[in-house]
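Structures given as structure tokens follow.
Below, chain A partners chain B and then partners chain C, in two separate complexes.
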Partner chain A sequence: MLQMNNVSKVFRTDTVQTSALKDFSLTVDEGEFVTITGPSGCGKTTFLNIAGLLETYTSGTYLLDGVDVSQLGDFQRARLRNEKIGFIFQSFNLMPDLNLFDNVDVPLRYRGMKASERKPLIENALESVGLASRMKHLPAQLSGGQQQRVAIARALVGSPLFLLADEPTGNLDSNTALGVMELLQEINDKGTTIIMVTHDQLLAKQSQRNIHILDGRISTGDQAEALAPAAEVA
Partner chain B sequence: MEIGPILRALWHNKLGAMLIAVQIAVTMTVIINAIFIINERSRLMARPSGLEEANLFHLTSVGYGDDFNEQVTSDDDLNMLRQLPGVVNATAVNAIPVSGSGSSTGVRIDMDDRTANVGTAIYRVDEQVFDTLGLNFIAGEGFDVTDMRYRSSAGTTDADKVVMTEALAAILFPDLTPNEVIGETLYTDQVTALQIVGIVERLQAPWPSWENVESSVLIPEQFLDTYSLYVVRTEPGQRDQVMRAAEDLLAGSGADRVIRGVNSLEQTRSETYGADSALSSILKTVVVTLVFINSMGIVGLAVFSINKRRKQIGTRRALGASKFEILRYFLLENLLITTVGVLVGAVLTIALSIVLTTNFNMPAMAWYYAPLGALALIAIGQLAALGPSVRATTITPATATRTV
Partner chain C sequence: MFFYYLRLSALSYKRNPVLSTLMVLAIAIGIGAYMVVFTMQHTMGGDPIPHKSDQLFHVSLDTGDPERDDDPPEQLTYIDTMALLEANRAYRQTATSKFSAIIEPENPEIRPFASLGRGAFADFFPMFDVPFLYGSGWSPDADQNREQVVVLSQETNERLFGGNNSVGETIRFDGALFQVVGVLAEWTPIPKYYDVNNGPFDEGEELYIPWYLIVEREMSRSGNTNCWKSIEGTGFQAFLNSECVWIQYWVELEDSDAEAEYLTFLNNYANEQKALGRFQRELNNNLYDVNEWMIEQEVLPDETRILNILAAMLLAVCLLNTIGLLLAKFLGKSAEIGARQALGAHKGSLFIQHMIEAGFIGLLGGLLGLIVAYFGLEGVKILLGNARMQTEWMHVDTTVVTVTVALAIVCTIVAGLYPIWRACNVNPSIHLKTQ
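Coming up: the complex of A and B.
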């Protein structure tokens, strides 16, 4: 489903060249719950951006659902993002001036669906995160945990191939984070593939597989091994 | 299309959008009425006077001294002017059309019914006036030298013939054709009976803003006093040099008088319409300034709005928006704000027009000014928002995952 082979990403300025990812290879199969961990600046977000087609890469190959994304133009990448990937961001990234219904509606509108087709999907998505009764509320009227639930509903509403979550609990207190994590587990249990970037080792242990990144490469050292039993826990 | 979400989002964050909409409404109200006034002034200034203005100039002779003989001097002056190289003809008149200075009277066709008087400019002229001014007869003919009458301190003989403009004939004789009007009798305020001998197509009164500006009569009559006003028609292209030569000629003729007010008809028209021309220039400046300020306001709002929403734009791109969909979003948002502005502006434009018509005797604005103005402002608004909107499309989807 997601296959990266020797992917590298180099950021260049006039005077500086920085390798954010180096010969990064990873395969994620359908139904997996994979966490990506590593220290700040190790390349987690760069990986997420490339995996989510938010950014291009410098070398290597990346096949998304069998499609070589290096050959795609901006428009095709946008369509692929819309149809195959659901994003969950650390800061929720909800539109503050839109109510919950309209927020969840955003990706569906870019899919060109009719209003009559979108409405039940949006209601179901909000229902699935327990916020169907508040669909006319603005994000600012919700708690952080509820806002992240709306973001999860927005990510799920188009039935994507997989979810990419960027520190989804990073802005939440521990109890709320636990609730969001349980929700993600439920979603994964229903068959949706999840790739989650996180700093939180405890959350990483709840996933089926943890990938630890150091200096732009997948670490094969103690960190990854220490987390290995977590797969059994999950 | 995202009209619903955009409207709802604007409603939750309405202050900036409302300010721009109000600015657009006020701008529209001012500029549409200003453009109407400019067009109205231009139309008035473009009306033909009936004269061959490009080849005409006029000058004044003011005599002094006990030995000054008005009639002899006037006859000699006209003879000299007519023989000057480059001159087609010359005539003596009491007023210059479109000059702002002249005489008027009331005329009627029923001698006893003074209430039926129609205001008209009155030109006292000689028999050469028609050829000199280049007037175009549509019926009848002009005067000959035997028709001339003179008024002086020694005594007065009233003229008994008149030529009038087609516009005046249409007012006085609405049921007659120009040819049928010839031979009819006209009475002036002084109960002088004048036989109508000719109708000219056009000869404007000296006062351009007068409601009866197209109504004029010409009478074969001259005042014999120290003041003489001559109009000279030249060969095409020779007006300016003939003006100088004519002034030198009369000034050096030996008569006790001074020559002054040597001006082309074009200069006279320009001076008469000076206030209108200045008003038009001021209003044009106001229109351009307001359009510029309005455009800058839209650009400013769009830039501010886009900078404030960089993360949102990145998120939209991450969620699947193409560059075109981002461009469309911001242009549509601007279109909705501008449309509200021009709708309010259209109401205010019509209201101001009614106020101007009612209180300042202005003609009513044509119906198409408001919709055309609205379309123009919408187009200007979209053009102003285009640059910032295109810049918004360059915001990358990776902006969505940036924490700063």
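Coming up: the complex of A and C.
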């Protein structure tokens, strides 16, 4: 479903050239729950941004659901993001002016669906994260955990192929984080593929597979294996 | 999506009310100031009779002082006027000049009052498409027979007859009775193109009578009279025989051939007069159509051009400020823009969303600009509202409203192009991580 081969990403300024990813190869199959760990600056978020088509890469190949994304223009990349990828961010990135219903509505708006088609999907998505009764509330009226649940509902509402989660529990206390993690597990159990970047080793251990990144490459050292013995290093 | 984006624009305004209001104020001031000047130009410089302005010609004969190198006079002498009238070479023609008279109402409850009138020929009314409420203009025979007939303005009819149909009634002025043959409907062409040299923004006359009566009755004339040569002799007849110019002469010519023929006729007439010792300057006779005549007479004051430049500069400064404020506002939304990209928005849709947001601010600025323009025009009226110029016509009309709002929206969208482009081209991944 997601296949990266020898993907490299180089950031260039006038004076500095930084390699964020180096010959990065990874395959994620449908239904997997993969965590990405590694120290700060190792390239985790760069990988996630490339996987989510928010960032281009310098070399290599990336097939998303069989489509070579290197040749796609902005419009096609946006369409792929809208239809196949759900994003969950550390800082939730909800629209502060929109109530929960309208926040979850955003990806469906870009899909061009009619209001009558969108409404049941939004209600179901909010129901699935336990916030159906608060759909007219603004994000600021919710706790951090609830906001992240809204973000998860928003990511799920369009029935994407997979979720990309960037430190989804990074701004939450440990109890709330566990709740969010349980929710992600439930979603994965229902068949949605999840790729999650995290610093939290405990959370990483709960995934099916952990990929440890070091200096822009997948680490083959002890840590990855210790975290997830079944990990497949591409 | 338009209404969705419009709603997002309103929400965005609420999120940054101070910044948004500053932009609206900047646009309102710039647009409002510009619209004050636009309104003045729009009203002063417009074609007052567009369907036939190219068929109506002001006749100019160069009877000026041979010792001076100035422009031909704006009006004609009595001698030349009579010659042109007798030649009768145009499809329609009228000599016209102003007079003043005291109207003595028959109703003892109405006190006598001074009024300004216009002497003209029967052709005056169809030439200038003068609208009638009651009756009509007089016939050409009435001109020739010097009949004492009169056409009243709507206001005069209101004052003398309470607005009733007064055709057939008589009124007394200049010591004689005149029979009413017509009452004008509202007719205030702006500029008053048929008499720009006596005040293009003056009010219309209260009475209209056959022009010959002014001469025959030696009525008190009003309006400009210029003489480059001393009057030889005394009395009214000496004045009529002089080189003093005081009559305006208009002809209606159906096409360019007729125009060329009439100009040839004028030049031939001038050459005849030269042979007789008059018209001592080089031939410089002209036919000006309505718009050419207004340009020639500089109906649009130079001050309005300077004001126009100043207003455009103020608008540019306000729009530059708006660019800065929009840049701050849109770049402040980078995280939201990044999130929307992640959720499936392509750059084109984000661009449209923010263009609508800029247009929304422009719309509010335009509406507020209308208020600024209204008060600006009131200020101009105070500045210009002297005896020289009537200013009631300077007001915010449908055209001004439409242009103001449209200009505000377009200017704000144009001002927003760079900020929108910058905002839509930020790297979303940076802002999604660092919000």
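Quick note on the criterion: the second predicted complex is superposed on the first by the 228 of 234 C-alpha atoms of A that agree within 3 Å, B and C clash if a C-alpha of one lies under 4 Å from a C-alpha of the other, contacts with A are read in each partner's own complex, and residues count from 1 in each chain.
What we mean here is this: contacts are C-beta pairs under 8 Å (C-beta built on N, C-alpha and C of every residue); 3 or more make two chains touch, one makes a residue touch a chain.
None of these values were measured; they are calculated from a predicted model.
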Clash-or-fit label for the pair chain B, chain C on chain A: clash
Contacts of A:52 with chain B and chain C, given as first, second, both or neither: both
Which of chain B and chain C A:72 touches, first, second, both or neither: neither
Touching partner for A:97 - first (chain B), second (chain C), both, neither: both
Chain B versus chain C as contact partner of A:214, first or second or both or neither: neither
Touching partner for A:161 - first (chain B), second (chain C), both, neither: neither
Which of chain B and chain C A:10 touches, first, second, both or neither: neither
Partner chain in contact with A:111 - chain B first, chain C second, else both or neither: both
Touched partner set for A:178, first chain B, second chain C, both or neither: neither
On chain A, positions contacted by chain B and by chain C: 45, 49, 52, 54-55, 74-75, 78-79, 81-83, 87, 89-91, 93, 95, 97-98, 106-107, 109-111, 154, 166
Contact set on chain B toward chain A in their complex: 2, 4-5, 8-10, 12-13, 311-312, 315-325, 396-398, 400-401, 403
List of chain C residues in touch with chain A within their complex: 1, 4, 8, 11-12, 14-15, 335-336, 338-349, 427-429, 432-433, 435
Chain B partner contacts - residues on chain A that touch it in the complex: 45, 48-49, 52-55, 74-75, 78-79, 81-83, 87, 89-91, 93, 95, 97-99, 102, 105-107, 109-111, 138, 154, 166
Of all residues in chain A, those that touch chain C in their complex: 45, 49, 52, 54-55, 74-75, 77-79, 81-83, 87, 89-91, 93-98, 106-107, 109-111, 154, 158, 166
